[in-house]
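Consider the two complexes below, in which chain A is the common component and chain B and chain C are the respective partners.
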Partner chain A sequence: MTALLTDYTLRVVALGAGVLGATAGALGCFAYLRRQSLLGDALSHAALPGIALAFLVTGSKAPLPIMVGAGVAGWLGTLAIGLVVRRSRVPADSALGMVLAVFFGVGLVLLTVIQRRPDAAQAGLESFLFGQAASLLRADVIVMAILGGGCLLALALLWKELQLLAFDSAFGSSLGRPMTLLDGIFTLLLVIAIVIGLRTVGVVLMSAMVVAPAAAARQLTTRLGSMVLVAAGIGVVAGVSGAVLSSVVPRLPTGPTIVLVLSSVVLMSLVLAPRRGLLWRRVRLRRLQPAAALDPVLMHLYALSRQHRDDPDHGHALAVLRTMSPPGSNLERALADLEARGLAHVVGDGLWAPTAIGRREAERLLARHSGDRP
Partner chain B sequence: MTAELEILAIAVVTAVAAALPGTYLVLRRTAMVSDAIAHAILPGIVLAFLVTRDLSSPWLLVAAAATGVVTVALIEAVVRSRLVPEDASIGIVFPALFSIGVILVSRAASDVHLDTDAVLLGELAFAPFNRYAPGGVDLGPAALWSMGAILALDALFIGLAWKELKLATVDASLAALLGFQPALVHYGLMTMVSLTAVGAFDAVGSILVVALMIAPPATAYLLTERLGAMVGIAVAAAAVGAAVGWAVALALDVSIAGAIAGACGLLFAVAFLLAPGRGLVAQARRRSGQRLDLSVSMLLVHLLHHEGTPVEAEECRERGLHRHLGWRESWTRRVVGRARERGLVARDGELVLPTDAGRHLADRAVIGFSR
Partner chain C sequence: MPAVAGEVRVFGRPFERGRGEIAYVPQRASLEWDFPADVLDVVTMGTYGGLGWFKRPGRTERERALAALDEVAMGAFERRPIAQLSGGQQQRVLLARALVQDAPILMLDEPFQGVDAPTERAIVEVLDRLSDRGRTVIVVHHDLQTVPEYFDSVLLLNVRVIDAGPVAEVFTEDNLRLTFGGRVGMLAQLKAAKSDA
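Here is the complex of A and B:
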């Protein structure tokens, strides 16, 4: 970790990854909630022809024109997806996948055109495909920070409107808010976040930067404000720690490392999140299950005892109870539990009856599950 | 056969093999699963390579196909936890698996030629160099044989499970009710998608597999209502796209796989614009026809309203109509022309008067509006 303070290159890379993590994490929450998680994937692939064209036109690898090119192409990709979805019956996921792959193919064609040009400056364009965080320069990170900061500022200014967009766009329209425009603005912000990430993690892994922090944060909170903060925090931590890890361990590429750190965070939050997590759910189920198995047996005993009101200790054979229960129920265990709790007792050889407490408990349960049962 | 023609043959066979399972992916709204599978097979390929140390081992194919199915199962497990929606689970699972693959390559397999960009991008131009020559007899490019076998498997699977696939695609609950095991059909389809993606990745690259699996079936979806016809059109569109892309790439000396993806996209764009009854042009034409018909009705209501009144000479004068109706002059001329064509109005000197048919239509239009 001390390397972070002393190593200049690492500091630049970590800073870049952190900026990316914060921006993509915060914006990703809205994409996640709007069920547009894969839009990031499509946009990042669709950016490729823009990158190639920007290079063909300007002939330089300067970050700004390339980012503009990527942004414009990503934007066009979104428009194409929207047009296909609105004006044909092709499902949204097909439109998304098609735009992703076709734009990417056109980008590949343009890349081969570039490769045939004699100038040497072309090298490094392919780093956009897989990301090459180590090649980030101070100037790159400054551009990234300005763009990312702009995105977050826009997010803060349009907070209420974007909230409306994420949860109830139709209600927003009915209030007379320009929801289509807001949708466009949000997509633009997402495009900018993706453009920031292309150099760091690359086209393919960019979708994880958008989706994963939001998915993890969603497990930990139920409020949008805290979700955005948590997601941005997760993005920063994953970005910085991925960058540090990949510089400490040899031959560990930065982009995939960041994504794997993110994926582990998601996995942990899915398992361990309080209230929602799988572990939590398992524990709660385990606590409820015995009671659920117990109650039917008690109810059966009670129902049987109602047929012998004059003789409350009339015994009922295990076989009778078995015919009343679903196959495979562990009656012996349920009866033992009932006996331990003083709700049922043995009154003869293999004959069971509810105790007075058991009958009262059964009546209490019946009252709770209101009158539609005998 | 020259190398160029061999490339064409491989491209067409690959495109057709991808379009077959792709049709069902588009119809089942699981198109993005092809993207996930195409990426996530990387760790399977690398692991199988690390075990066999042979890039041409058939085990690579088996392992990668198995990884594809595991990917689908993982995505579904995350969805079933009901903690994450489906699109997000796809977006989390495949980058994670792909990252594992990239890290495996750079740490354990960097001494061999197993580039991640080769997996992602593919290079069709190199495919003819890898020959299938059992016992020293050259039988053509290996990729043609492997893709041909996969195409045959795809066709066999779809042929044998036609009814089951159709039912599970159109109405999964009914399929389950009738005892057709839609889950089994689903995993069978996913196995075919994985196998096809694996076979195609070293020919066209994993991202272009996605183009081949989605674009031709989506094109077909715009052109027909019947499943059989859709499969047929998808296959044809795939073959045409592959051939056009190949020709363009050859002429301009650019990436063949990229050009094929572009051609497939172009075919879709053409269908999107021109599909009979459903394309943008047909939609626009229908809309302008409806606008014209509505305007004719309005014209007739206007004429009927003033017929026989003192202001008739002013209100129904052909030259003044556009002012009374608030229309542009050219549009008014078109509307009057259309109404005359349909025998709804007749000229009487300067005036335009409704015919009996026109009066009838105006009456009906007014009743329609007042409802």
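Here is the complex of A and C:
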């Protein structure tokens, strides 16, 4: 990690990956909340023919033409998806899959054609598939920073409109907001976020940069602002560590490295997140377990109360209950819990009776044990 | 909501969104409630119509949202994440968001669908207060039993308009049969109620 402070190339690489992680992470939240996670995947795959064509036309791998080519192709991809959905009976997810496959296929063919050409300029174009952060140049990072910063600025300016778009677009329209236009703007921002990551992460795994930070951040937060900040933070950490790792370890592709880092963050948040995490739910379920231990005491109370049907509040002595319970069981605790749940109450000194709710609960339990549905 | 056909006029003028004439409460189930926002965030969205581009809601907007929350008896829930609300609470939050808009016309789409009895009462009370204040409240409603109790006027719709007007004149056996076909248990009850009266 000290290399990060001293090595100039590494610093450029880390900066680029950080910008990319922040932009994709922040915008990815809106894609995730709008259930458009797959759109990122389709967009990035659709960008490949654009990259190849931009290279064929300009003959160089300069960042701007490549990004413009990728962006235009990605944009055409979303238009194609929209067209298929509107004009045919093909559902949106299938349309997405079709467009993704067709565009990516065309891109691969073009890439093969280019690689057959004798000139040396094409070398390294295939790194757009899986990403090669080490190949980032200062010029690339400057373009990335400008575009990424622009996206984040637009996000901040259009915050409440994008919030409406994600939560309740119909309500936004009823307020007179141009939601269709905003949808277009959002797609454009997403295209830009994806385009700036293509050289670093590659078209194949770029969608993970969009989806994974948002998925992890959703587990950890309850408000949109904090979710976007956390997702951007996760994106930065994953981007920088992945890019640096792949630059230090020879022949390690950046995209898969970043995705591995991201996957572990997502996995940890799914398991460990407070309230929403698996572990939390497990612990809470465990806490509810003693409920089972309450049942026998409730059943005893119920059985006793059946002997005094005309007087439902007839009290039953603790000593009687104790003879009915197995030795060593914590009767006082169980009764206190039953009282807290409103299932039993004290009717005199050391005398207990089931409440009306308690009797009904006992009947429900009986019905369940005898096999009929309540 | 796109119009399939025809023209919408509000107060004699062709309808245009964004003039703040109509506050709309969508069906609760049409929204994704596992969304990172708290109750106050959602109600504050009702103030966005009056805010221009780029402007963030400030203290005034916050206070208006809180007042609307109090009106639907949800004042204590301002910081509750909306993912943790019950159906009735969700409906009240949506109503509060519409109240904030302070529009002359309030449109609600099935506000009583699957809510608890206290919420239904609370919503009806709020709507009654609005009506007393001279607002027009339009409700899409399917519970025939409560129509005479809750509403002044009724429009019966089955593909086309069957009849419209004051409940006493329009909510009749013949009209209901025209609207719902022969299978209306409510008809017998209406008859019974009439013979009681």
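Methods note: the second predicted complex is superposed on the first by the 288 of 374 C-alpha atoms of A that agree within 3 Å, B and C clash if a C-alpha of one lies under 4 Å from a C-alpha of the other, contacts with A are read in each partner's own complex, and residues count from 1 in each chain.
Basically, a contact is a pair of C-beta atoms (placed from the backbone, for glycine too) under 8 Å apart; a residue touches a chain by one contact, two chains touch by 3 or more.
Quick caveat, the model's predicted, so the values are computed rather than measured.
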{"item": "Chain B versus chain C as contact partner of A:218, first or second or both or neither", "value": "both"}
{"item": "First, second, both or neither for A:86, with chain B first and chain C second", "value": "neither"}
{"item": "First, second, both or neither for A:364, with chain B first and chain C second", "value": "neither"}
{"item": "Partner chain in contact with A:163 - chain B first, chain C second, else both or neither", "value": "second"}
{"item": "Which superposed partner A:176 touches (first chain B, second chain C, both, neither)", "value": "second"}
{"item": "Partner chain in contact with A:101 - chain B first, chain C second, else both or neither", "value": "first"}
{"item": "Which of chain B and chain C A:263 touches, first, second, both or neither", "value": "first"}
{"item": "Chain B versus chain C as contact partner of A:309, first or second or both or neither", "value": "neither"}
{"item": "Contact breadth on chain A, by residue count: chain C or chain B", "value": "B"}
{"item": "Intersection of chain A interface sets (partners chain B, chain C)", "value": "35, 218"}
{"item": "Of chain A, residues touching chain C in the complex", "value": "33, 35, 157-161, 163-164, 166-168, 170-177, 218, 221-224, 226-227"}
{"item": "Contacting residues of chain A [partner chain B, same complex]", "value": "32, 35-38, 40-41, 45, 84, 87-91, 93-98, 100-109, 111-113, 116, 126, 129-130, 204-205, 207-208, 210-212, 214-215, 218-219, 251-253, 255-257, 259-260, 263, 266, 270, 273, 276-278"}
{"item": "Sites on chain C touched by chain A in the complex", "value": "1, 16-20, 22-24, 26, 30-32, 35-38, 41-42, 45, 48-49, 51, 53-54, 56-57, 81, 83, 97, 101"}
{"item": "Contacting residues of chain B [partner chain A, same complex]", "value": "25-26, 29-32, 34-35, 39, 78, 81, 83-85, 87-88, 90-92, 95-96, 98-100, 102-103, 106-107, 110, 116-117, 120-121, 207-208, 210-211, 213-215, 217-218, 221-222, 249, 252-255, 257-262, 264-265, 268, 272, 275, 278, 280, 283"}
